[in-house]
Each structure stands twice: as C-alpha cells, then as structure tokens.
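A short write-up of the structure that comes next.
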Amino acid sequence: MSVATSIGWTRDEIAQRVAQDIPNGSYVNLGIGIPELVARHVPQGRTFIYHTENGLLGMGPSPAADQGDPELINAGKRRVTMMPGAAFFDQATSFAMIRGGHLDLSVLGALQVAANGDLANWSTGADDAIPAVGGAMDLVAGVKRVFVMTTHVTKEGEPKLVPSCSYPLTGRGVVTRIYSDLAVIDVTARGFALVQLAPGLSFEFVQERTGAPIINLALEASK
Amino acid sequence: MIDKRVGSAREAVADISDGATVMIGGFGEAGSPIELIHALIDQGAKNLTVVSNNSGTGLVGLAALLRAQRVSKIICSFPKTAGSTVFPDLYRAGKIELELVPQGTLAERIRAGGAGIVGFYTPTAVGTPLAQGKESRVFDGREHVLELGIRADFTLIKGRVSDTHGNVLYHRTARNFAPMMATAATVTIVQVAQVVEAGELDPEGIVTPGIFVDRVVHVPSPALESALNEVGASYP
Amino acid sequence: MSVATSIGWTRDEIAQRVAQDIPNGSYVNLGIGIPELVARHVPQGRTFIYHTENGLLGMGPSPAADQGDPELINAGKRRVTMMPGAAFFDQATSFAMIRGGHLDLSVLGALQVAANGDLANWSTGADDAIPAVGGAMDLVAGVKRVFVMTTHVTKEGEPKLVPSCSYPLTGRGVVTRIYSDLAVIDVTARGFALVQLAPGLSFEFVQERTGAPIINLALEASK
Amino acid sequence: MIDKRVGSAREAVADISDGATVMIGGFGEAGSPIELIHALIDQGAKNLTVVSNNSGTGLVGLAALLRAQRVSKIICSFPKTAGSTVFPDLYRAGKIELELVPQGTLAERIRAGGAGIVGFYTPTAVGTPLAQGKESRVFDGREHVLELGIRADFTLIKGRVSDTHGNVLYHRTARNFAPMMATAATVTIVQVAQVVEAGELDPEGIVTPGIFVDRVVHVPSPALESALNEVGASYP
C-alpha cells in the first residue's frame, strides 16, 4: 500500500476547497471519481442540490453497503439515495437542464486542461482504447461554470495543465477554474492565473510542474 | 435550507423592467396566472414582448395587460379567442406587433430555448405564409423550416401545488405551456394554490423540477378569467 | 329558424360516415366545430381515443351544462371530461404526438381543399382579419391521415373543392379524404376521386358543384 | 375496449426482422429490459442496429445479445461500463460498428426522432472528434453542430406499471431513456412488473402516455443484471 505524498493538498482537502467556492442553493453536477468527494464537504449553513445526469435532482449520499436500490443510481452507476425535494426525470429533461444552462456548476476530472480552457477528459486517443464519452461533452458545453479537480501532474510526472491538449477534446474553452493538489488556478483570457497555492508551496514549485505560464496576479499587483 | 417562496405577487414581479420579454402560461383561461399578471400591471413595466398562446378575454388578466398598452409585441398562435376584443382593437389600430407562430412550433421553440437547442427543423408551416422569410431545407425528400429557440427574461405561470424547492404540479389542462416556459426564462415565477415542504411531493410525479423555478408565490384562491368576465370585472 | 335543405347528408350523417372509416383503437384529433360531431357517432364495438392538443389524451364528452372544470377543456376552449386511461401532458409532448406521426387521424374543417390535397382552413386572408392559426398547421404536417369535413359549397354557393386554393394555405398536399354533405371524395395523385355519393344525388350534380374534375372510378371501371 | 397486453415476451418480439433498428432502454442495469432482450436472443434476428446508452455487463441481457453476434452496429454514449467485456472484445476484433454519441445528444436525437423534429443544432461536441464530419453553423456568435433525429423499428423498454392502454410509470432512475425511446419506434414494447386496468393510474402522473406504446408484456419479477452476474449467469 502506497502512502500519499505529504506535498500539497489531499484529495479530501481539494474537495473541501472546491466546496468553499460553491454558493448556497447551487445546483451542482459532480463528475464520476474524485469530484464525488465534494459532496462530503458541504460548508456549514449551505445546501447544494446535486444533479445526476441519469435522471435525478436531489441526489443524496451513498446508502450503507449492501443497502440501496439497484435502480436508484448515479452517473457512475453506483447506488445513491435521494433527499427531500428530489425529482426523477428522463434523459431528455436531464440534458435540457445541462444544455439549457440551468445547472450552476459542473465539477469534472481531467486528463489535460489547456491554457485557453480546452478540456480533455474522456479519451487518451490510444489505438486500443474503447471510446466512451457519456455526458461529459454535454456538461462542458451547457454548464456555465466548469470546475476541474485533478492531480497537478500525471502518475508519470507529466503536467496536466498544458499549452494545448494533445488528447481528444471534451470541449473548447470550457474550464473556469482548476483545483489541483498543488494550487487553485483560474483560466483567464490571458491563460492560467494563480488563485491560491497549497500550504508550503512556492509559486516557482507549481510553475515548474505546469506546462504553460501561470500569471501570478499577486506578484503583478505588487510590481 | 432552500425556500423559494416570496411574500407576494407584487414582490415577485418587482424587477421586471421596461422592454423585457415575458412568457405567460395558459391556454385560454386554463393556466393563466391572473394574479401575477395583475401584479405586473400594477408594477408598470412597459414596452414588453409577451409570449403566450392566446391574447386574453374580457378586461382582466392578459387582456388587461394589453389594454394598459404595456405590450409592444406578442408572440402567439391564436390571438382571437371568443370574448377577445382588446387585442383585435389594438392590432387593427397598429398599436401592437404580432408574431404568429403555429401552436406546436411555439411550444417546441420555447422548449428549445429552455433546453439549449438553438434551432430545429420542422415540417410544420412549409408552403404557408408562416414559413415566408424562413430558411427551408429538404431532408429525406421533404421540405422543413428552420425555427429558432425562444428565451425570455421572465416567465409567469400558474401551478396547483409547489414545494419550497419549486417542484411544481399542475391542474389538468392548465398544464399546457407552463412546463416549457418554466425552463426558458432567466427568472421563472410560479403562483400556486398550495405550498408544501420539500419531501411532501412524490419524486416520481414531479412535472416541473425545482431547478427551473426561481420564485414561488402562494395564491390560495386564484381567480378565473371566465368568472371575472361573468361579473363584468376589469383591471385595474 | 331556418330548415335544413333535404339535399345530401346532414352534419350528423356526415359525422356518422366519417366515424365508419375509423378503425377500432384509433388515436384521433377532432378539429373545432363540425368535426367535433364525430365523437357522437362511434360505431358499435369500436373505441376511439380522442386527443386534444391542449394537453389531454382520452378526452370524454362535454359535461352537463354548468358542470365541469374550467381547466379541463378542449382545443376549442370548451369544457370536456376524461375517460378511464386518460393522460395529461404539456404542449411540447402534445405536439410531439402530432408532429411525430403518433396520431392515426385528424378530422378538420376547411375553407378550401385543392385537387392536389392543399388545405386552407385558417384564414381568408382578408385585410381586417385577425390572423390566428392554433395547431392546424402542426396537425396537417404531422398526422398521416387528414380527413376534411365540410359543406361542399360555401354559403354563397361557391365550390370549396377547388383547382388550387386562393386562401392562405394550412398545408401543402395534406388532405387524404373529404366528407361533404354531397359526397365522399378521395384526394389522389390524379386529383379528386369519387368514393361515394350522398343518397339520391347524381355524379353530375356533385361535379357541377365542384371546382375541379372528379374522377369517377366506378365509371372508369365499367368502360 | 383497448388492451395492449400480449401473452409473453416471446410473442412480443416475434416480428423483429433481420436488419432491424432496435432501441433498448436502460442506463447500466437500471431500466434494462432483460426479459425482452433474452426473448430477442431466442428469436434469432440478426444484423441488428442497437441504440442503447451502454453495452451491457457480464454475459446476460444486452451483453448476451452482443455476444450472440446479432448486432452489427451500436449507437451508444458509453460502451465500457465496469464489468463490460463482451463489447470491448467484439470492437477490438472489428466485429461490431460503434457510433459514439454524447449522452445528451443521444437523448435529444431520440426525442427528436419521436417528435417529428428531423434535426437540431446543439453546442455539444463542437471542437471535438465527435463533431468531425458534421455540419456546423454559428448562431449568436457560437458554433453549433447539426444533429439528426433517430428513429427505430422497435423499442424495448422496462416500466414499473402500465395500464391496459399502455400508460406507463417507471421506477426511479430506471426511467432514463425509456420515455423518449417509446416515442421513436414504429413498434414500442414495454415489459412491466404490474399491469392494471385503464383508469387506475392518476392521469396527472402518467410518464409515457399510451399513444406511444404498442405492446405491454407482464414480467412480474424482472431480473437485474447485477444479480444475474453475481451468480455467474450467462444467456442462453
């Protein structure tokens, strides 16, 4: 069993940081995987309503192991529960919510994010890969604010924040903000811009692990 | 804790500004949100574009809004219901613009606006005056017309019951345009005869999910156009 | 009080004749006015399910005078009832039924029907008329079989079955069959074709009152 | 008297011919009409085009239909669910064609097919490989892709309860694609755990009106993919 490195934020700390940026009463779609952790860290006094694109608004936490209903599931096909005020609907209605701009926020994982906000998160384009996209392209095209939660670099140490994506795109210019284990970074008209560093990390440390320049607004302001 | 209730119809429509586009539910009197419309008359916004299937009857509700000359344009499928005199008079006097749209195309354009579908091709109206000036295109040997989605600044609709999250149920054929209008506006305001706590409605039976609703106004005994007209009412 | 002429079929007889041609289990939309009479003449042993485009499938007959619900109405905005198995739905769904070809039959009134099946039934194009179309254009574009119920000529004695419509069209080439007080006439690739004459009328009598040639298939067959 | 019940799943799928396009409901196992799919395997039709969001898991249901090599093409958004091995093997071996469609576009294309909308413009997939070869067009300064409606010869779906007219209710997230698939096929077949007489369901709460349903099959205790896979079942 590997031990997590002590550098930067843990997954749960990233999730907590994301949750801090979500206003009370928001309608939120959490992507499969790491983004699901956000639901565990709702700040005191706030209520978020979770949408799962397979047809439920008002999704609640997972049921106890070996409990739950195999036909009450989330987009990751895992059993979930429902909250008071929940509603079930069909796929056309669910994606009308997404495509029509009714969701406040989508939190997604990433393979690569480009400095212009392009996102690649569904395929590495490998020859033997089975192509599968699900609702990712609809989410990034329809939801106004798209947050990405990701490790800052790949397991091989390659930057995931890049000048331009080499993997097939999920959407063009769609990412609003990136929450990694090392930093919170906005996508701006001028490219990546630092919002916050993880505790103990320097700007240079993060820049070295990023494939494109990061604007340091604090530094610029002090000049 | 989410609670979309606002205290009154007046409060709910307070920020509708001059020049706004406003969708108003109803097929004839069924589903017409009379109390919200009357609040809009009191509020005074003018130069409105209204999207509604009909044009109201008598001197109340939608007809009263038109009569107060607050509406510069109406997008509509059937503006001459029996008992409708206000619209015909304004139209003949050149005081209101009409965009006539087939009923199903109107419904689909509103749905498209709410669903992020910018445009669609339909066979409806091909070869008729209502297709004039519209782009057409042949698919599978049949001509179709390109129709564009409609969005609005505000939607005013009437439901039977809502919970505090804005999940809405309707009453019979009063449902008509409300579910799609709820999706197609920046701000959707629904008046309902009953408000319940979140969790009291069956999640399987929700017609309009709360994500589409911004403000819920409790109007316990909504008026009906026909009942008001029977007693010769006019508003204000 | 005027007395109906004894020539040809009465309105109720036309409605009865239309009903004879509707198969059991059909989903039918009846237009406002004369077509509504069809509902009174369902042949023994058949069930039709009536659709009203304002949002009800399984519409029943009118309630007793001063009864009924002002928000349970038909497309003509008159109070109706509902049958067991009825369903309410919104306008987008209602017109998906129509446009998507799910209704078996639409019965409509007419101002003019042309020999090529063009229908004009929403406007005389008069300068002072208030334009209003409702669902007529959607019905004729979407429903596969469109029956027209009409008087054979106008009150002024002008033919309503014409070589080509002078009034604004509702749809192009959409009419399947015409039921008038004088005859039942199909719209075919070769134009109007006689199906049946009202009792006591001759082919010539009907042809004289029709603005375009009627093919007499029985006559052709006997040649 | 209208009664859309047929005696068995076998009877319901008997006329599905080789080369047919078949829509199959379900998001993962939720809503998958396993008994109808198994009847289709028994029936033997081949060279099918299947429209379904996933590709099945294990060796039962949709995966079993694929494994029997009855499907030449699948139109799908996510064919690699955990536990899915049949499709990946066939795909890598070049034995099945895949048309990959974003999930929301798939849902909307099916809805369009059922609603008589021949095509529509969506921003989804612009700039991605899934928009390649598709016509695009700028509306309001934003690029959109033209997507076409999908229709099928048959639809197989699962509901919770139906009346004899074919009015259907679903169970929770098993609803997913079923309501729109019901509208988009020449023949729609629904398996339900319960059948009731017309008039027993609330007309306000019908999810799929009976006009969209042709055949109702009573399957009192439908199997679930996960339960069958847990015991290592395979079909036939």
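To keep things simple, chains are lettered A, B, C and D as they appear, and every chain counts its residues starting from 1.
We adopt the following convention: a residue touches a chain if its C-beta (ideal position, glycine included) is under 8 Å from a C-beta of that chain, and two chains touch if they have at least 3 such contacts.
Predicted, not measured: the structure shown is a model, and the values here were computed from it.
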Handout entry: Neighbouring chains common to subunit A and subunit D, by label
Key = B
Completion exercise
Of B-C and A-B, the pair with more C-beta contacts is B-C
Handout entry: Inter-centroid spacing, subunit C versus subunit B (mean Cα positions, whole Å)
Key = 30
Handout entry: Intercentroid distance (Cα basis), subunit D paired with subunit B, Å
Key = 34
Completion exercise
Distance between the CA centroids of subunit A and subunit C (whole Å) is 56
Completion exercise
Residue ranges of subunit C touching at least 2 other chains are 88-89, 92, 95, 98-99, 141-142
Problem - Shared-contact residues (touching 2 or more other chains) in subunit B - result: 108, 111, 115-117, 122-123, 170, 172, 204, 207
Exercise for the section: Make each chain a node and each touching pair an edge, then name the shape: line, ring, star, complete, other. Expected result: other
Practice task
Throw together a list of every chain pair that touches.
Solution key: A-B, A-D, B-C, B-D, C-D
Exercise for the section: Could you pull out which subunit B residues touch subunit C in their complex? Expected result: 27-31, 53, 77-82, 87-88, 91-92, 98, 100-108, 110-111, 122-130, 170-180, 207, 224, 226-227
Practice task
Please give the residue numbers of subunit D that touch subunit C in the complex, ascending.
Solution key: 1-2, 111, 113-117, 163-165, 167, 183-184, 197-199, 203-204, 206, 209-212
Exercise for the section: In the complex, go through subunit A and note every residue touching subunit B. Expected result: 25, 27, 47, 49, 51, 57-58, 82-89, 92-93, 95-103, 141-142
Practice task
Provide the residue numbers of subunit A that touch subunit D in the complex, in ascending order.
Solution key: 52-56, 69-73, 77, 88-92, 94-95, 98-99, 118, 128, 130-138, 141-142, 168-172
Practice task
Under the touch definition given earlier, write down the residues of subunit B that touch subunit D in their complex.
Solution key: 108, 112, 115-123, 139-140, 142, 144, 148, 169-170, 172, 202, 204-205, 207
